[in-house]
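In structure tokens below, several structures.
Each of the next two complexes has chain A plus one other chain: chain B in the first, chain C in the second.
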Partner chain A sequence: MITNGRIIPEEFKENGIDKDYDEVFELICQNVKIPNYDGRFVHFIDENYVMDTTKGYRYENITPAYDKVINYGLSELKYDSTDSKFKESYNRVCDNLIMLAGRIVDELRVKDKSDRRIEWFENLADKPAIHFEESIQRMLFLNQIMWQTDHRLVGLGAWDSFLFEAYQKDMDSGILDRDEAVKIVEDLFRVLHYQYTFKSNVLMGDTGQIFVLGKSDENGNYICNDLTYIFIEALKNVNQPDPKCLLRINKNTPDDLIRLSLETIATGIGAPLLANDDVIIPALLDFGIDKTDACNYATSACWEPLIGGKSSSNNNRTVLNYCKALDNLLKRADLSRICNFDDLVTEYIKHLRLNLCAVKRVIQQHRFPYDPLLSVFMYGCYESEKDVSWGGACYCNTGITSVGMGNLVDSLYNIKRLVFEEKKYSLYDVKRIIITNYENENELARHLKGTPSCYGKDNPETVALVKRITTVVSEEIADFNTYLGEKMKVGLSGAAYLDAGKAFGATFDGRYAGEPFVVHISNEDNNGYTEIVNFASQMKYDKGLFNGNVLDFMVSPDFIAGNIDKFVSFIKAATLSGFFEMQMNVVSADQMIEARKNPEAFPNLIVRVWGFSSYFNDLPDEYKDVLIERALKNERRTA
Partner chain B sequence: MMNKDYLIMNTNQANDSATLLKRWLENRNDGKSFVDYFHEYGCSSIIIFDAGEIGRLLYEEVKDSDIKVLCFYDRNAEGIREIDGIPVYTFAMVGEMTKTDMVVVSTCFNYSEVVRMLVGIDTKIRSVYMRDAVYEF
Partner chain C sequence: MSEERLNGILVTNIQRMCFHDGPGIRTVVFLKGCTIHCPWCSNPENLSYNIEKYEKDGNTSYYGRYYTEPELHDELLKDRLFWINDGGITFSGGEPLSHIPTIKNLLKSLKTEGIDLAVETSLFVDENMIDVSLCFFDHFIVDIKILDEQICNRVLGGDCSLYKRNVKRVVDSGKDLVFRIPCNNEYTLTDKNSRSIIEFLKQYRDIPVQIFAIHDLGAEKYRSLGIEMWRHEKVKEKSLLDFKDELTMNGISTEIIKL
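Then we have the complex of A and B:
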């Protein structure tokens, strides 16, 4: 049977009927092929023996509780008694994982009886991890079984926090030195990058493998350690697009850490993404997240704040297209009643509310499959004796992303200027132009496209307009509850800027039907990066508006290389200003144009796509074109 | 354009219709009606694009209200001719469309192509796609 493009083993069914979860999970642990892999760590996914999760809306974009697998033996996680189906499933998961670990031990013994990893896997049954490498191996064991059971976009969580105790112990006892720790982490990255094709979701590189470094305590102090630096250093050294990294910062982040991050970003790998705790933590608290949890936030696959190990929230459930409400307005509304810009915005907001109603109703229908494995590694489930799909996790909110805000704002301002101020067109003309995809109006399209974008400008009117729109969104989602009773959050950035654009008609900013939407929060028309930081710093991120709000910069390699100190100052100032999240795409237009023509000459060119990086050559042409166009604009050039 | 009405057919009809009908049934279970939706838009009259199953279901939902269905358009107008005395026209006649508050388009049709056709007749014609509208209330 083939599901989602994969072959589902016949033994997962009996007489054509799905076997239950417990049986299938046991089969997986019994039968997955353990490959002959020479490397520091054992990490494998049997791509031909993956669980079928089509029974419900798959759990993805989540981060399991890696600290559980480090701090406990698997048998220590079990219930003492199994007086319910859930407890029985829960314990069977633990037993089957012990069985799988035992199979790995047997395989290792065949190759080399003195393999030190044998003891690691033996200890997994009933003891906590002790050593640094051992702890990493445990995290990889949990990570691989998540992939094996078809949890896609599996996050990695806060590795500098989870691993620090074991690291420090090994350093203090002389088992480990810093150079060796760097090498270990480099090997960790290499092994995570293995089976990159299988792990990639929408595009190559979109694996969701993101680890989070640094954090803030409840008093706003910045917390980092040796491992924070080691992880970033190793990231720079291996020069891969994957795994990804998010560095949490606040106003007290040491300069040398910011500098190291910028040096890493400057290599072109697009990481780390920077997340501003001084803005994000208050937004989480406002949403009702416990203070300790808020201070320990991790992220979903791209950048959506998530309480790793405690939240079964799926943060990418659907995409809100801000342009759709304007499109609907033009097609449905009595345009003769819209006499001025304020009428237009009022009518837009009415249609946005209708659109949001539809979005909420779609999300309300989603149901998740029974998932005892995830329940074992999600705090709240053991305590509540409930599976994640029954609301067992501490948090089970839902998140949506968005596209098109930039195009919407520019469209509205173009209508304001051309219809209400200069009276060159009527709203009916605008309707015709959009619906006919600028038929006989190519000059207008060129003019609109060439008009500097308003979105991202530090302009009180634009800021007020965007805030007015996002306020409506937070009002509309305020009353939403999932079937598990939890809340919704929205972000201003989204992965679907190209795919949503393909399926959408023209917009009144010079964008033809099918063209991409503006990428996240970006504006290559701005002179300098400060302006858009100021814009983003004035946005609202409370009341559920914190599901990823990424400033996206194109930066030429020469510019950042020659100005690292200035960029350090810029990041510090931007943190104080109050940006939410920030990522930089350090690549030149010339490099990409050349790579488009001669890919074999640029096999290792890495670019930032949305919340992930990818080899440029792996991207479909339309993504390459978006990046080239943005880079040219940033460099003030044309093709 | 009038003799190329295949362009306005929805190639994803089965999927979109199933979605529409599922959502519509939810609305019915919740006591919601398209009548209220059309009232929100200030409509007193509509034209329905589709005189088949979905168009007739919509007609049944509004017929006893103050929303007047002026006519239908359908590829099989010559076979159907009328529904409860309300005429069914072919798309060849769409250029002579009666003035109405809203054209309601069912999932049988490619909405993008339909609006393109309508805007070519008169930019003042307002239209809504049922699959979008059904979840908005």
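Then we have the complex of A and C:
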């Protein structure tokens, strides 16, 4: 049977009805095809034998507890007795994984009895991993089975921390040297990149495979190790869009690590994304996350913070479109009662609250499927004897992203100027213009588009306006509980700027119906990156407002590479200033214009989209156009 | 004369996060009005000491805005956090030193707050402006353009001997100084002028020199003002390299920069 273009094996059903989870999982471990794998690691996904979770909401954007698979043999994870349905399923998952490991051992033996990976897979049943490569192999094993069971956007997390002990031991005993470790990590990246097409979600490159490197301890000290550097070096050497990398930094991050990251970013691969622990950890604590856990945060596929291995949070449940409430206001409110800018904002906020109620109602309906595999690799489930779908994980809060804040702010300021100050238009005119998509008003649309954007300016008025709006959001989500009794969070960045824009009418910033919304926290009219960093640093990120808040810069090639010392100072100061997260797209408009015309000449041009990197040629044309337009603006040129 | 104009500081632009205009990360403020007129000027909006109306894409706008001193002070300090180790404010223009009377108090308060101050200047200003500026600026970025008295006067409208005296004054003060040469085939890189520059610089061998090819980045602004832009030959990479070699051979430490 074919669902959404995928083949669903007939044996996953009985009389047309889906078999239960335990049976399907067993079938998968019994039957997945093990390819002839010559590389350093065994890693495969049998794309024709993937569990089908397409009917309901599935767990995606999740990072399982990779440390469990290194520190324990699979049988050591099991319950001693199975006196409940959950425990039975849980133990069956462990047994079936052992069976799959055994099948891999058999395959390897047939080919070469002396293959050292045989021992790695034998040990997986009942012993912790000992060596560096062996540990990586185990984590890859868990990763592949997550994909095989249709968990999309499988996060990777803090592998530099998890692997360090084994790395250190192998280095001390002389069986590993640093150069070899770099090669091993490069191979790891290649293996993860393999089956890139299958792993990509909505867009090519959107795989959710993100390493989260570096961290802070509870006293604010910065923790990194040799592997933190090695992972970033390998990323630079391999030069491919996937896997991705996020580097956590704080005010004590060593300069040479920032420099290495900037050199990597300057190659154009769009990674690592930088996340500021000094802002994120306090926001997590405010949300009620335990201090040790907060210090160990990872992120969902792009950038939404969660606690890797402890959090079954789905952080991208839906999208809040900030322009929606203004649209509703213009179409439904009694405009004659809105006499000034303050009235307008007050009325906007009323509509925003209504909008958020609708969002909450939608999320309240979401239910997640029974998922014993994820439960085995999610702290809290074993202890509570509950599946993730019953709230077993330590954290199971939910998250939404947002789009349109930039368009909203500019629309509001344009109304302020043209309606209330210059009195050139009435609110009824604005309503007409929006509804008719600038019919006979193309000149106005051009003027509004050409007006420098206010969003991201660090003047007190703009900062206060955005804070006023986000405070309303935090108030509205404060009383929300999921069906599992957990809270909700929201962020100022979201991947839907193009898709949400396609389905939305015109806005009063010169944006025609169907055109994209502003990308994350960005403003190509900015007066230097410092301005938008200052803006972002004045935003509130506590009270649930921490679900990814990414500053997104277009940077001309050579700008970083030619000024690396000054850029290191910039990042350090920006960290102190208090940005949340930052990503950079290092590419020139000309390069992209050429690549659009002549793709064969640019097979390896990598760009940053949402929270991931992709080959430029793999992107749909509308994404290419957004990037070209932003780059042109950044270079102070017009199309 | 309006009060704004009497007390205000006329600014065309404030550009933050600049990397090429002094140490560290800098905020550059462009003051409107220049004492000379270089044919290759890429900031034509900074020549006149008055606000100028311009049209772009059918919209009318103005070059120049009067700031009160406290207003400009706050605006310039927005990036203060980015100047942890080095970095600060650079005054440019136009000719910023010709604005000393209106910016003197501002400079004083910035200096009192310990802000690092730089100036990009052509030094075609009265000597007493130099004396005042030496009290406030930590770094001088000084242009070298045309050194022949007559050509300088005819083309730039400047007094070359005044310029040379001012250079000496700044050098003698011991302030941090870098020379910058805008290179073009028509005036600054002619055989005669480049020889004169080398001769001139021989007395200042300790001072680093930056050279750059002039560019057309001001084209849009010329268009908006309805002024025809000076047409010039493209400066070849090789000419820059040759000039750099010559300077270096004469013991003058030289770097090619891109602006």
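The rule we apply is simple: the second predicted complex is superposed on the first by the 636 of 639 C-alpha atoms of A that agree within 3 Å, B and C clash if a C-alpha of one lies under 4 Å from a C-alpha of the other, contacts with A are read in each partner's own complex, and residues count from 1 in each chain.
By our rule, a contact is a pair of C-beta atoms (placed from the backbone, for glycine too) under 8 Å apart; a residue touches a chain by one contact, two chains touch by 3 or more.
These numbers come from a predicted model, not from an experiment.
A.B. asks: Putting chain B and chain C on the same copy of chain A, do they fit or clash?
C.D. replies: With chain A aligned, chain B clears chain C, so fit.
A.B. asks: Of the two partner chains, chain B (first) and chain C (second), which one does A:443 touch, if any: first, second, both, or neither?
C.D. replies: Touch partner of A:443: chain C, not chain B.
A.B. asks: Students often get this wrong, so check: with C-alpha centres, what angle lies at chain A between chain B and chain C, to the nearest 10 degrees?
C.D. replies: Angle at the centre of chain A: 100 degrees.
A.B. asks: Does chain B (first) or chain C (second) touch A:174, or do both, or does neither?
C.D. replies: neither
A.B. asks: Between chain B (first) and chain C (second), which, if any, makes contact with A:460: first, second, both or neither?
C.D. replies: Once the two structures are laid over each other on A, A:460 reaches no partner at all.
A.B. asks: For A:563, select first, second, both or neither according to whether it touches chain B, chain C, the two together, or no partner.
C.D. replies: second
A.B. asks: Which holds for A:534: it touches chain B only (first), chain C only (second), both, or neither?
C.D. replies: second
A.B. asks: By the touch definition at the top of the document, which applies to A:485: first (chain B), second (chain C), both, or neither?
C.D. replies: neither
A.B. asks: Quick one: is A:573 in contact with chain B, with chain C, with both, or with neither? Answer first, second, both or neither.
C.D. replies: After superposing on A, A:573 lies in contact with chain C but is clear of chain B.
A.B. asks: Look at the superposition and give the distance in whole angstrom between the closest pair of CA atoms, one from chain B and one from chain C.
C.D. replies: In this superposition, no C-alpha atom of chain B lies closer than 28 Å to one of chain C.
A.B. asks: For chain A, give the residues common to its interface with chain B and its interface with chain C.
C.D. replies: Comparing the two interfaces on chain A, one with chain B and one with chain C, no residues are shared.
A.B. asks: Tell me, which parts of chain C touch chain A in their complex?
C.D. replies: It comes out as residues 14-19, 24-25, 27, 57-59, 78-79, 81-87.
A.B. asks: Residue numbers of chain A touching chain B in their complex, please.
C.D. replies: 328, 331-336, 354-355, 357-358, 361-362, 428-429, 431-432, 435-436, 505
A.B. asks: Enumerate the contact residues on chain A facing chain C in the complex.
C.D. replies: Within the complex, chain A touches chain C at residues 443, 446-447, 450, 458, 527-531, 534, 563, 566, 569-570, 572-574, 576-577.
A.B. asks: Would you tell me which residues of chain B are touching chain A in their complex?
C.D. replies: 23, 26, 41-42, 102, 112, 115-116, 119-120, 123-124, 126-128, 132, 135-137
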